[in-house]
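You will see chain A twice below: alongside chain B first, and alongside chain C after that.
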Partner chain A sequence: MNFTRWRANHAPWAGLRLFVILVYVFSLGPILITAAVSFNSGNRSFFPPRGFSIRWWERAFAPEWLEPLWFSIKLGSLTALAATLLALPMAFALHRYRFRGRDALLALTLGPLMLPSLVTGVGLLQLFELLGLREYVGFTALIVGHVVICMPFAVRTVAISLSTLPPNLELAAASLGATRWATLRHVVLPLIKTGVVAGAVFAFIHSFTDVNLSIFLARPGEIPITVKILGFLEFGFAPTLAAVAVITLLLPLVLVAIVERVSGLGDFIYGDRK
Partner chain B sequence: MVAIPAAFLLVFFVAPNALLLSASFQKTQAQQLTNELTLSNYAFLFTRPLYLEVFARTLLVGVSVGLVDILLGFPLAYFLVRTRSRWKGLLIALSLAPLLASVVVRTYGWYIILNRFGVANDALLGMGIIEERIPFMPSTGAIVIGLAHALLPYTVLSIMGSLQGINPNLESAAMSLGANRTRTFFNVVLPLALPGVAGGFLLVFSIAISAYATPAILGGPATQVAATAIYNFIIQLLDWSLGAALAVVLIVSTLLLLYAASRVGTKKAAL
Partner chain C sequence: MIGGSVADPALRLSRIEKHYGSTVAVAGIDLDVAEGEFVTLLGPSGCGKTTTLGLIAGFFPPTAGEIYLKGKPVADLPSFRRDIGVVFQDYALFPHMTAAENVAFGLRMRKVGSAQAAKRVQDALDLVKLGGLGDRRPLQLSGGQRQRVALARALVINPAVLLLDEPLSNLDLKLREEMRVEIVSIQRRLGITTVFVTHDQGEALVMSDRIAVMNQGRIEQLGDAASIYEAPATRFVAEFIGRMNLFTGTVTAERGVRIGDSTFGIEVPPQMAPGAAVHVAIRPERARLSAARPSEGVALAGTVRQVFYLGATREVHVDLAHGEKGFVELRNDGSDAGVQAGSAVWLSAAASNCRVLPAAAPGGRP
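Moving on, here comes the complex of A and B:
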């Protein structure tokens, strides 16, 4: 009887639904308000917005904002490329072989995910100064730091896709006469392509949205968009910033939508269960 | 095969952190590290009321953000796991989408809402609820709201992970045996989901205590937390010793929290 009542009685479920709607409002509201304010015609935020204007968007497309945006895109792309290339052998070794020191290597690989990246940023700044490489603080230091903090994402996604391969696949290829390299090149790599692409995308997004590490390694002229926005906020509010914020938000969103279309990224978000 | 990536991480991840550890035991004089070994940096941080307050505020922020995110994230995760809506995929994507935006951008939304001439004040004035503008920020409360907003997807993911392992028939069974909804929830669902809840709490706690952007935007000089204090030491005061000591405190706290999370949370199996 209780069971039927549970099915028939939808009141608690309706209550849950209402609460969930409120959580979505909390979660997405600020982003939507930011977007609304960027079309505001006044020179401060009014809510509800007064008038409609795209003049803040015109200002957002000035070099002052396009340069750090382009800088972040370059930084993110190079980081994604380097992090993926370094992650591939790491993921192979960790996933395929049991060897002495494997636990240490695993800890080393996932370490940047554990320790606060803010601290790694401070440490890298100190390392560069100590080695007399002060002039490399900026783009070079940022790439190095971003590769460090983005690598664990790439290693994990590649490892997840390796774990989905049938174990005898490589043996089969080898017994058919393929060399180790040919097996890797023609059998394994094509099969884990999705994982590799997903890893690179996660690395790009992590780099593109990072601020904790970048605040220590940026310098004037070589500054990612997030740090630029943060610095600008000290001067208070400007609707231009709302437009810039929306642009930096759309970029990863579009990227993920494209990759999801092409190769099904969703599996990797909680890919551990696969 | 792994020599290159391993060497890369040793040089650019392990070495910097080791450098910080050693700097935290060295004295800074005239903005330069000296070779004199000392515990005075830690003694300084743990005796000055200003920095004790920074520690206390950082902990308070971490705990509050964890609790708020569990309270908001649990119902959402439960709904997402159990709903039969055909929009399920879209709803899950929407709940995780904020992770694609930088914390700076998401916190900026709260700045627009909470500042003195912001949306919240406009709305409350407009409705006649308040007569004068209220300074919602800078404040510790604003930092908690901003961080809870930024980190909510992590608790949702963690709790969904453990809820997915619970057979829905267990709930039906409990109810068919006479338990009401409340009892079923507290005696069946919650105990089984506890690893995900605790793991999510500790994960969010550990990210919140080292977050820089949100406290920098929604807080002020009177509401410093560990991350903003480290930034001030290193960039403004050029005091490597105190900055490093504070960073080491942050590392140790983070590792303890993550260790606790790995003991209670759901195990990650990929590697």
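Moving on, here comes the complex of A and C:
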């Protein structure tokens, strides 16, 4: 095989390979570095780590860190549940009906995706104070805020799966004697299940990793792990933080892996279902 | 409109209309379908046939009019409270259920006991010759098999009326012709009242007891295949079913028809007044060609423009002296057609093979 042909066949692939490698280096690299740093034996964060110790990991499992972690899990789960339950009827209405104000509702639902959540956070804080609900800042306000910023993900994935339904299925069910409720239960829901689960997972992850909004709505004792990490950073980056960061990172990763295994989450990220 | 009254119809449409804003999809239809009858709604796309089927199925309410199923008014009932079975163009099988579960769905909704349901599902699958494929999912079935599952699903609930919405149009030609015969044979065997929607005149002619030819939201003509073909009531029907020569003429005072400079003694419907503009319709296979002028019927002089050899037939296109064009279909019976481009000929037809239709703008032929 002469050189010109070799280059024609291999050069594009070599370029693609390099690109993929760079993607991996820049997305996985920081994580691996953080993980490595957490095993430093000294008080400072060196990379490559100097010595080996798991004492920072022991500290990471102290109540000081486990409490905000557990708080974030609770917050994320409730947010995912509420956002999905709200998203279902909303996506259904948007998908099925052409009504006045549909565009406005669509914009309102998807708006928080485009708005910096920092702004949403400040706005919500002011709203709670204006309404005299100052004492609800903390868990309640966080739930409200997180549902607002996470719902677009759920609405979107549910809407995508609804749009993949063959057009006449619901009419077919009705013609066979199924009430609207029975149609929803036996035909629609089983077919959009994956989209619903994907929406809930996205909502959970978005809630779990949010710091911009949470920073305004948290209060002592009701602090998500991300805000806690940010607060700790003021005192510098200790290896403990590296350990905590790895734990915080693994949780959504494991969740995504499980759901991907069960229901093919990738379809929603890469748009195979569209 | 044409009512087509039947004593004790299984299905009766009474003056039904469906409007979408200012668009009129169905403009007032009366139709009676007798118990066990196979009636086809035939027309071009946009003629309102599928909308009419949707109204019978209850997928949307009519703007006006009433629908009776076995004598009971059902226009206000939602689809799931009507006793109907529907086969959709895209089959609309539930992709997450097996063929058997699809067929069982209607029975499940009717709370039929599981032992009885299993037997009825098996019978229905046997009926459509899918006995062994009950546990396949729709994606594992061919187009023809999906169609059979859809048919079994609609039949297993013993509906008062079976509605078929272009069920054959997604199949390839050979399968389509096979399914035509099979659907009719199942329908006859079960004696199930059926309304079939199609734009394919061949399907309509082969399958139906009666055909309702629809155009612009109305039934233009209702009748059996032969009467629709032999005696079309309007220019639209004449042109939509089969092929037709249409010559422009005027009714004369002596109740003949003048085409160009000649007057012909053919039967003019009594409601047409002298001076009325009409079309004389002649089927190409009923028209004849001759060198000498025939003595009776319609005879128009012309010159052969082109002869098409089609195997079983020859098609001879003639430029007529009075300015219109005509064509004749000659059976290829072994004799020499005796015509070629440039021949001077008479295009003629016996009076009994000519139909006089009211002149109208060409219909909405696709």
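Please note the rule applied: the second predicted complex is superposed on the first by the 252 of 274 C-alpha atoms of A that agree within 3 Å, B and C clash if a C-alpha of one lies under 4 Å from a C-alpha of the other, contacts with A are read in each partner's own complex, and residues count from 1 in each chain.
The rule is simple: a contact is a pair of C-beta atoms (placed from the backbone, for glycine too) under 8 Å apart; a residue touches a chain by one contact, two chains touch by 3 or more.
Keep in mind that this is a model prediction, so the values were computed, not measured.
Chemist: Please tell me, clash or fit, for chain B and chain C sharing chain A in the overlay.
Modeler: The answer is fit.
Chemist: Please compute the chain B to chain A to chain C angle from C-alpha centroids in the superposed arrangement, rounded to the nearest 10 degrees.
Modeler: Here the answer is 100 degrees.
Chemist: Touch test for A:Pro167: chain B only (first), chain C only (second), both, or neither?
Modeler: The answer is second: A:Pro167 touches chain C but not chain B.
Chemist: Go through the superposed model and pick first if A:Ala203 touches only chain B, second if only chain C, both, or neither.
Modeler: Neither chain B nor chain C is touched by A:Ala203.
Chemist: In the overlaid three-chain picture, which partner chain does A:Ala243 touch, first (chain B) or second (chain C), both, or neither?
Modeler: neither
Chemist: After lining up the shared chain so the two structures overlap, which partner does A:Ala60 touch, if you call chain B first and chain C second: first, second, both or neither?
Modeler: It touches nothing on chain B or chain C.
Chemist: Have a look at where A:Leu69 lands relative to chain B and chain C in the superposition and call it first, second, both or neither.
Modeler: neither
Chemist: Should A:Gly123 be classified as contacting the first partner (chain B), the second (chain C), both, or neither?
Modeler: Once the two structures are laid over each other on A, A:Gly123 reaches chain B alone.
Chemist: Quick one: is A:Leu191 in contact with chain B, with chain C, with both, or with neither? Answer first, second, both or neither.
Modeler: second
Chemist: After superposition on the shared chain, which partner residues are touched by A:Ala182: those of chain B (first), chain C (second), both, or neither?
Modeler: Touch partner of A:Ala182: chain C, not chain B.
Chemist: A:Ile223 contacts which: chain B (first), chain C (second), both, neither?
Modeler: A:Ile223 contacts neither chain B nor chain C.
Chemist: In the superposed model, does chain B or chain C contact more residues of chain A?
Modeler: Partner with more touched residues of chain A: B.
Chemist: Can you report the least C-alpha distance between chain B and chain C in the superposed arrangement, rounded to whole Å?
Modeler: Minimum over all C-alpha pairs: 19 Å.
Chemist: Would you mind writing out the residues of chain B in touch with chain A in their complex?
Modeler: Counting only chain B, the residues touching chain A are 1-2, 4-6, 8-10, 12-17, 19-20, 23, 72, 75-76, 78-79, 89, 93-98, 100-106, 108-113, 115, 117-119, 122-123, 149, 152, 157, 160-161, 164, 171-172, 175-181, 210-213, 216-217, 227, 230-231, 234-235, 240, 243-244, 247, 250-251, 254-255, 258, 268-271.
Chemist: Under the touch definition given earlier, write down the residues of chain A that touch chain B in their complex.
Modeler: Result: residues 2-3, 5-6, 12, 16-17, 19-20, 23-24, 26-31, 33-34, 37, 44-47, 86-87, 89-90, 92-95, 105-106, 108-112, 114-120, 122-127, 130, 144-145, 147-148, 151, 155-156, 159-160, 163, 205, 208-212, 215-216, 226, 229-230, 233, 237, 241-242, 245, 248-249, 252-253, 256, 266, 269-273 of chain A touch chain B.
Chemist: Where on chain A does chain C make contact in their complex?
Modeler: Those in contact with chain C are residues 166-169, 171-179, 182, 186-187, 190-191.
Chemist: Going by the contact rule set out above, which residues of chain C touch chain A in the complex?
Modeler: 57-59, 78-80, 82, 84-86, 88, 90, 92-96, 105-106, 108-110, 153-154, 157, 163
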